[in-house]
């Protein structure tokens, strides 16, 4: 933004009075900044903005795109370089807070592995070309009267929203209405479907502040969720209501970040969460704690799920089931039962989630803690929520030959697709693949044309956060001048494509910035939320929109069939459930190229820079393995070998291998570290929604006679009798805690 | 420590070290960290890397305990022996406690670490000769040594453009540690001075406290009775000074405590006990 | 049993000179081999140190809990080694234990050289060694001074003082012998000795001044020696770490120092006696006395060890106790028990007359004792660091090849210095041996001696040997 | 204080100065000449009352700049205030180089025929700024703010702003004697510390070291 022209090498030296120092180490070694007169250069502004003062930082509001949550950011800029990112206090998503991924965004922007030139596939390898050639090529393929027949061009992206989404739609419309697949591995498609079917609202508002009890069936809302920071913020408020502390119960096979802060952490056998939910429902109904009357069919179903049976099925003690039921009753109407990825990943995921929702309805949480959603007023800008189904359908459509040209943006299917999909080979069968990216990731390696994009700190855009206290539009502002001359903004590329197709509509805009500015200045009032001027929009960074019309909640009691009809096959030879667990930070692997993320220990296992397999001590004993030993985890579709980390935060029948490592490309920091559990997934989908059943793979675990030091943080696993983390019981706490 | 200090304030130094700290404080920066709110998400730690020019060392050196995380989230299993860890995990954000009776200060042969009038353990990087005595003598083990020169490895161009110009990039042979974001404190104090006003509560916030998604970390001047952190300290009956807390051991109703208080190092960070429902 | 004499009282002065001079003659093969070996060891260390200097301290395998390791242990070890010389030359001098006379010279040299070795280690272990001089109080433009509260800066003073003092002491004590050498040497040795002997003619006045100076230095050196190791112990005792913060450390360290020193004396005693044929001077009875002395000190050391364990055990300081238990049972257990065995069990060999008189045994025993003492130093430094207060940082380390190489090389360095010394300077004090014999002849009666002395001075005949040396 | 460490410091400082003077006869001669010059220059620049000037001289070398900017013409003859161009000094830790636009502000009209101005105009039209060579610098681990020093010595003392050059001169010497700037003070830690101690500046290491 600072308005001086200077090449990148001179960058640090710009206003070098303080700038030059930054590059150089502080102690008296050769790297020290030289004090010799005339040894360094100082370049002044040419025509400075009045607020641009050397040595004084300027903050620019923008939006984080490290995940799809759309948190508002403030970028600290000095001497034209962005130095630090902080949350935007005005954002209804994160209210000034950030997560580790947001903090590490800087390394995404300054990453040494960014691609700086367009590349075209010529005989197996990617060779640099100029933008003109690239655009010419695009013109020839998907331009007006290009080779690709109408309707055969598709967009395959991560979750997108705002004006980028609008332009994608426009582009597809003009190409004869190909499809736009929005794919996120970390998604909650099942939960949304359940909400839609049972409540009549795909995205109701979960009011943590109103809740005094949260029961989560595998929903890692603090970690890998649609909006980690938002939920963490809500969770804090829920935990520390003045005088009354919220209670968190989590039932999941592998301890997630959410489970780690649970008051009661239950570990049902993988895939039996639904049964557990019904068990609780059984108690509620038997004790007459239900506030809505239960239809006979459902009652008949519940009779089959008495605590004893359920604890046999799930392995969770009966009194625990009773206890959860009691808590739900005690906090009647102030409870909140959520279900998420953790269970949204079995063949019966939908039914299980429905069972969880059933609890909400039974104790009358709906309307109290589960409130009607607040959709964004302008549907065209609303987020295209990513699902895993999109990936499967994309794969099918490729098979069916419905895809002749694919634009891939903001996702890395070759890496994140299950191995059995053979995404690499499938993509090969697509005649023309354009990948818009910053990095040479696995998908880019397969592309016919790779277009280098600006980093999100160099680019313009608008984003609509999927989850927020209230609907909002977050503006992505360019925080600093692009590092490289040859990269381009995503919007600019789209606009270039569209200009070619429809000069009349889009010819007027020199670049995406102009388009965006015009669009925003002419946006409807309920989107602008009282802010009129463009500069003011940029200053605020986030526009608080008026909520659109919400569908009222119409709770519907159904009888979910949570039990699989036939017993799981090959259970004998494959005793364990594989849990490829996503984690805050590494996410689905998109951040494996950020050293800060690699070096930040996993929250639970505290392992860094690699992969590991989590095993329960009991299981480990049976297998005769200890921390650091290598094991071979084998499914019908392949095998991976990695080191073991043993702890009792995982079910005895499960082995968890975190997502994110095992890259074959994607830069020096990601390449060739650890293993990718997705490689060995078994083909399985949720029966109702067709979402990918991520946790439905049975595996066998075998000890290898290889052992190394597990690279993790921390010596002692326990406090060794010190008072480091002291724990007191909640009733004591309640007696005393006033507001802080 | 200039000769002036030695000659004039020697006794003051000595006595006040026993009383805990410097002879006259302008501020006494401190923290309150609520372990019941901490979800162990690492946001603070990463924010610290970004703010304070921390070098990442890579797997080989990390395996040798040579990592440089000023802010580390320790995870403990308190129910290791039970079937399942039913109360989750215990997270502890551990950073330099900026003790008022710091054990690291008296042992430095060149006084590269000393106590500032702000009640901080200063670490003057360019004075450090790397005897590493301070780290040996730190009960919290929160002092990190530059065992190697990380400049080339950790900030390959253009990553070096992210470096914060308000702090030095430490080179090999220098001890470093959490400074309570001294550069932010300095900036706030300069601003206040230019405006001829005292530093107000909220003028300074450390990178970790600012990032924390649950706002578990509260930072401020414990000397200013109206600051949020001072109120918290008062509320939880934690006081500065040696280990003579009003809190009777029998009464569990106050959550505040300081780690290794019994060593009389007088830490500047109060932790609030983690609460768990007995279910 | 018969009281046998410390030394044959009938030796002729000329023979003494001849015997000692022989040790200065052109070396044999064995000597050169030894020198080569030492040089090789040193070169290991030098290479390692250069590597460490360029790459960083990390190559020594140091890490967050283990900020110190073998370097400091070795430093303490060598400092300790240095105390024996002072013990023999100064303390025993003052209490008129004249059996020390044939053996104190090389002990004194050992003191100086082990100090010169020890002095290297604080330098080697500094992260930014090029700023070493900052620990010294010097007037600078910046007007900043070292931190006088830090035991490390005390070390700087103590060690430099001790080193210079003991060097002077060694040199002063050699002057009369140097004169003897001068008279019989030729070539470069002639030049060297003439310069060093400061024109010593052995006349009355010189002797009187000489004795005054010598006594004065001795008195000065004794408290210094004690204080030095107390200060070194302060490096640990002044800290807050469990296993370091121990009140009994100063005496414990001093005892340990004398112990390892005496052990080393025995080692060198045997070596010199064997190679230089010093059987007439380094006699079995003297060896016995040294061994007895060592045994006594060993017992003191053992006692202080037990004191420390007991106080830790009954002190009920959780952290201290943990460290103690971990020492005995943890990963370092084998080192710990080796130390106990070598330090407290092996010395009982010295209780047996036959063993005391059996040189090979004494040689092996003395080596074992020093091994034990080295492990003691290691056990002081490492376990405390590997599990201190903060369990999250617990970690065990064994040092790296670089670290071991430098430690290894330090022995070569010491060896080389000593080898050079024994070939250039008389490693047995000729004039004191003569004194000793002279006294013995006159039944150690001081009065007689003085009278004898007087008369001898008066009617000094050509053939009649006097005290002035040949 | 029992004994004056100021005296000690003077000893040390002379030592330091001597150290700085090693550099062959030529340089020594040059330096002697320069000292004379500097002394004379110093006499030119009065020290505002109530300020103890920091002791210490330094003979900087000539630094050729892309444009030989004549400080003498601007500041001495035309009496332009330092802070007119180095305008950031009162608002930031750095004094900054004036933006090219500021130069052009006058030199669109003034002295456009001079070669130096034409060179400047070239830069301006190329849309660049001259790459000046840095003359005054402190190490990277030092935190120095112009704004606070100006506040302390100019605005708080009510010193007339047109005399600000006297304060600047304390550390920069009398710039307006020559054309391009030349380091005239050592700008070492001793230099700063002595001034701090004489004028009651902070003595805390972390005030200046970062």
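Letters A, B, C and D name the chains as they come in the text, with residue numbers starting at 1 for each one.
Just so we're on the same page, a contact is a pair of C-beta atoms (placed from the backbone, for glycine too) under 8 Å apart; a residue touches a chain by one contact, two chains touch by 3 or more.
Since we're looking at a predicted model, the values are computed, not measured.
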| item | value |
| --- | --- |
| Intersection of contact partners for chain A and chain B | C, D |
| Greatest separation from chain C - chain, by CA centre | A |
| Winner on C-beta contact pairs when B-D is weighed against C-D | B-D |
| Per-chain Cα centre nearest the global Cα centre, belonging to chain | B |
| Chain centre separation (chain B, chain D; CA means) in Å | 38 |
| Rounded Å distance, chain C centre to chain D centre (Cα mean) | 58 |
| Euclidean distance of C-alpha centroids - chain B vs chain C, Å | 44 |
| Averaged-CA centre spacing for the pair chain D and chain A, given as whole angstrom | 54 |
| Where chain B touches two or more other chains at once, by residue number | 2-4, 67, 72, 74, 76, 92, 114, 125-128, 149, 168-169, 172-174, 260 |
| Residues within chain C bordering two or more other chains | 65, 128, 131, 143, 389, 392-393, 395 |
| Residues within chain A bordering two or more other chains | 18, 21, 24-28, 32, 714, 716, 718-719, 722, 724 |
| Graph class of chain-chain contacts, one of line, ring, star, complete, other | complete |
| Parts of chain C lying in touch with chain D, wherever the complex brings them together | 139-143 |
| Residues of chain C touching chain B in the complex | 55-58, 61-68, 122, 125-129, 131-132, 134-135, 143-153, 156, 235, 238-241, 385, 388-390, 392-393, 395, 397 |
| Complex contact set, residues of chain A against chain C | 27-28, 714-716, 718-722, 724 |
| Residues of chain D touching chain B in the complex | 1-2, 5, 93, 139-141, 143, 145, 147-148, 151, 193, 197, 203-206, 209-210 |
| Interfacial residue positions of chain D with respect to chain C in the complex | 5, 8-9, 11-13, 15-16, 188-190, 193-194 |
